[in-house]
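Just below is one structure, and these are the notes that go with it.
As written, the chains take the letters A, B, C, D and E, and residue 1 is the first residue of each chain.
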């Protein structure tokens, strides 16, 4: 019983991190129909911000989190202005952006690796290797903090989208870009801001990841497929779906790992994706497609 | 004095060929204007060019003496020109009330917005009845009512409607044109594009025939309606026997 | 001018070791040039980065051979990359000095040009661990149970095969390359209570793994990783779950980066190594004696850091090739290969890793691995005790 | 002859089509009318199986077809157009049309598509509809009405026995509409069964032999145009005061 | 009333003239001499071995030809049908493993087994397609990424084929100078076959159906096209090409291993990128793309080494091309009617 509880806790702990990693991706897809394959490499960038803050000045990664968010948001603004703003007008937009962001994933990877080498890094605040023990069940502190921060950020984002004026604009743009434009929403600005928010979330996720996982620039490939699975599973563009999928799958993966071995546990995400494609192609929270 | 002047506008999609080749329209305040023309003449294109969705390559669009060229749709809207496109421009997963609220997105005064919404709901009871229903699940006619009602929230000076009667049942078509008259009576200037040309022109004060990307005829609606050339070329009347 | 090519994993999963291999090769080549080159000819080293990717490594050796027309090559790092590279070097008849490619299967393919510059094949490493336990630890203090966790990597799997007594099979024809049964742990009377293998890429759930290791209650934790990076991950996870083993042995983790990533948690962790700064080996360079101590000194002078085995092994490779060229009198690779094969324990290749002579497979004869232990932030040499001076073994380990 | 029995299609709580039965007789023009949201398009979708019906049966010439995939139904001789014209961008009108030609068996699949015989047939149809001029124009660069005609041409390419037209007149210029009406009638004269959805009452009254009226997913009236016109339920639900106008 | 026309006939005439300016038939002259000439030149190229060491150029041409095979295959699914797969390395690996194991166990050359390996890959593609082709757009792309992950892990787990350590294959016993030639000619034949298949498919009814599917699946289905079968068949054909290429590549490399063969960048993304760079849906596009990408890569390797900067540069080139040549080189040039006739192979 303690075992089961323990695995559940470990699964949930990882789930929190994946949830935040996936949330930004989902937001950007939802609003802009960009499948941002560069998202994991941007998370990596956030992780490096936190890493160097810690390494050079001893700043705690959680304290560095806002800095990472700002830097990444700025990157987002730049990227949007230079690339996606003009891309948005192209006819093959959706599939074009997949390939384009793939290219940028390579650019960021190359840039990070050139700047920081491909040496594996991890920030080492004390809590990252600490845990709270309750009887013989433990809660890893690093992941607990990461999970809490992630929930706070996702919650704030959800509230913002639901109630703020700008949130309205974002939701409206998601549902009908042209109509929003005609009602006085500067859709380009909405795109810009949501892209920046999405990337800020990547920055935040990066700061948290920096002490939960070890990382090096080319590691983002390992994250891409996992995060993408979450987004499809949750239903493309549904942030809630992504978060729920992140938690469910992390827990399932933890159990699979425990009962069937580590190798199969990494398979969980992808096999789940295929099962979902078979039984519910639109994902947990997605819209049913027109043709059955 | 005309409220909105479109003069020799040339415009097209992307870097494709010019679709409009010198279209001109004079919009008089408080009147209903109806643009007719064959399919592919560029009627929708003209409205899109006015509201800033398309780049105007040459020619002039002036609103109260100010040029609208180069403005974004949201900026044109703020000037007081509202456009309801051919495909109903609703937010399908927002409720009716949220849709109305989006209509006033560019308003800063929240209380005024709520007041206007209440007024609109008074005038169109169906919207009050369905206020919490998702717009996407309403019937075509209801959706059209909603999108037109929504434009009235801003009290714009000009409303441009692209084929408001398209695909609507005869009973609803009647209602839609009634609403247009109501809006006009409220002092809103109206510019509609209609294929249901008979009804459109009957409802209008001023008629415009757009073809080949240009304005071919322009005049009081009754005159346009009565012109035998127009009747045959555009209104489907058999060759005068 | 003698041109030598080396493709190394400067980036990617093996970047730490790869970068140090680069330093080792470079330092050696520079020292040779300072000493007047080989047979009076200056040496030029071309290195390229294969991103830890085997296909890229193959392609880069193709380029060395056909485009750069190098006179000789140095091997690359890790079994994973060495295995495919061995084929192409064999086809082109180049002497293949391997700095890191311990898996037995590399040496059982019948290549005639292969020379391993580490003590022994990976399958046999486990014996150093159990020998040490039996020689240094009193009967009642010895660990009786073990948990073995392994990266799914060519090298790590090989070490695992030795420890657990598995069959090494060539999947090509299904033949048994070597049957390691019953395995060093079984021979030493240590019961394996938990095993787990994680995939080479995409594995993140270290805590779950560490938790299972802890739950198994094993007294000896063996973590076989292919890189120092993974060793850091395992250690941090074990620390988080507060595992309480008596003894911990890793297949990787001699590097300063390991210490940096783990800090106090490194205490009393055992790692096998091919090289140690304290080993009083005498080698040759540029025709003159060149001792291990010289290497440590010159390395520090050049790079500022203290060297580790990942810099020392390639240095030895370079020494070996130098001696082969001198011995053969030219860069005729066939002659160099013959000369190297002719080495015996009495007339060996002399390097900072000690003496090398090879059997017909290309594996060194009579060279046991060294065991080292992290104590107080320092990697101490603890076993074997018969050859050189050692530090005392810190046992039992006081948990994490 | 097409027969729909007890057809239902529900979207969550919305009963778009609810236990609806009607039929289209061979060689005649049957009109399906009704207020917006009555479920006409949904019924079409269920018949041509681009949507899976919740319940009910569809029979074509004594054969049940509601379990078949759409292309099989097309192969059985039932073709349809879409209310919102679906055209294939980046393909010429000719390709759009030929794309719809029948394919029989494996070997046919790898035969050249634009064979002279196919092109001749397609051009003949385009000629019949008077749009040969745009044969090489990109399918997406057409005006609304031309798209409707192209749809009709593509429809004919598959030699259908019965065609389902969803608002062929919507958004079409009145002059062009006259042409379309002429074409539909000509087809019917050649023995083709037609089921048509339209809001243009004047056209319906002129064209159809029989009118089925739907409201809220069910059939509320069924009869000749004259009968239906007088039906008070239809007047109430659908026509309002519009009839005098059309007359 | 203002007006420029007096009678209806004038209006009708004017409209007719206006419409005629819009419609113009596309330029449909294709070129066959260039591909044939290329084929001849490439067939004779290895004779250069008599005058010097051209091993590396031969390697490069061989490498390019392999990519032509794959990119042409990818084109059938990604270019004609509009399903962007970033997971075709799976079929490359399946072909490689299948033929590799047969070579290792029974000594049958992969060159002979290549078509069989292709069929195995194609069959697997057919079955996978039945699942993944149920979704389209971004979901499909992501499912293809997941496919790569699953396949890699399964191969790593499968000890019979060597697990993570992989499978080493025997070296042929030709002299170094000629050792590459069997593979060179094998890839030459496969590349020519790939281009020919793409051409045939494009002009068949099947190809027209695929193009319809890529534009609007519902429309295609109700036009009487068995979309599910067409899509899956396209998937299988493209998988076939990858399987064949993988088979021979395994023997050429003498090493088959999950991480080499299921490599997402080299064998999934590159073929896709080549196709898109050259021009999706065109016949010459994949060929042009393959030549360009291999050349770029070689240039970077030669100037920058295979370092991180190389990745950066590749990414940048890819991004710039996508931004400025969204239809690929062939597609964009054709769009602006600047395509040299020699490159119109359609």
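Convention: contacts are C-beta pairs under 8 Å (C-beta built on N, C-alpha and C of every residue); 3 or more make two chains touch, one makes a residue touch a chain.
Not measured: the values here are computed from a predicted model.
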| item | value |
| --- | --- |
| Smallest count of steps, each to a touching chain, taking chain B to chain D | 1 |
| Busiest interface, counted in C-beta pairs | A-E |
| Of all other chains, the one whose Cα centre sits farthest from chain A | D |
| Farthest chain relative to chain E (centres taken as mean CA coordinates) | B |
| Chain centre separation (chain C, chain E; CA means) in Å | 41 |
| Computed distance of Cα centres, chain B from chain A, in Å | 42 |
| Centre-to-centre distance between chain E and chain A (centres being mean Cα positions), rounded to whole Å | 31 |
| Per-residue multi-chain contacts in chain B, two or more chains | 38, 232-233 |
| Per-residue multi-chain contacts in chain C, two or more chains | 10-11, 51, 152, 199, 201-202 |
| Shared-contact residues (touching 2 or more other chains) in chain D | 50 |
| Residues on chain E engaged by chain D in the complex (per definition of touch) | 19-20, 22-26, 200-201, 203-209, 211-212, 215-216, 218-228 |
| Contact set on chain D toward chain B in their complex | 11, 14, 34-37, 83, 142-146, 167, 170-178, 199, 201, 238-243, 245-246 |
| List of chain B residues in touch with chain A within their complex | 14, 51, 53, 72-74, 77-78, 82-85, 89-94, 98, 101-103, 105-106, 150 |
| For the chain E and chain A complex, residues of the former touching the latter | 82, 84, 86, 131-132, 134-135, 137-139, 141-143, 145-150, 153, 156-157, 217-218, 221, 264, 269, 272-273, 276, 307-316, 318-319, 322-323, 326 |
| Residues on chain B engaged by chain E in the complex (per definition of touch) | 17, 38, 211-213, 215-219, 223-224, 227, 229, 232-233, 239 |
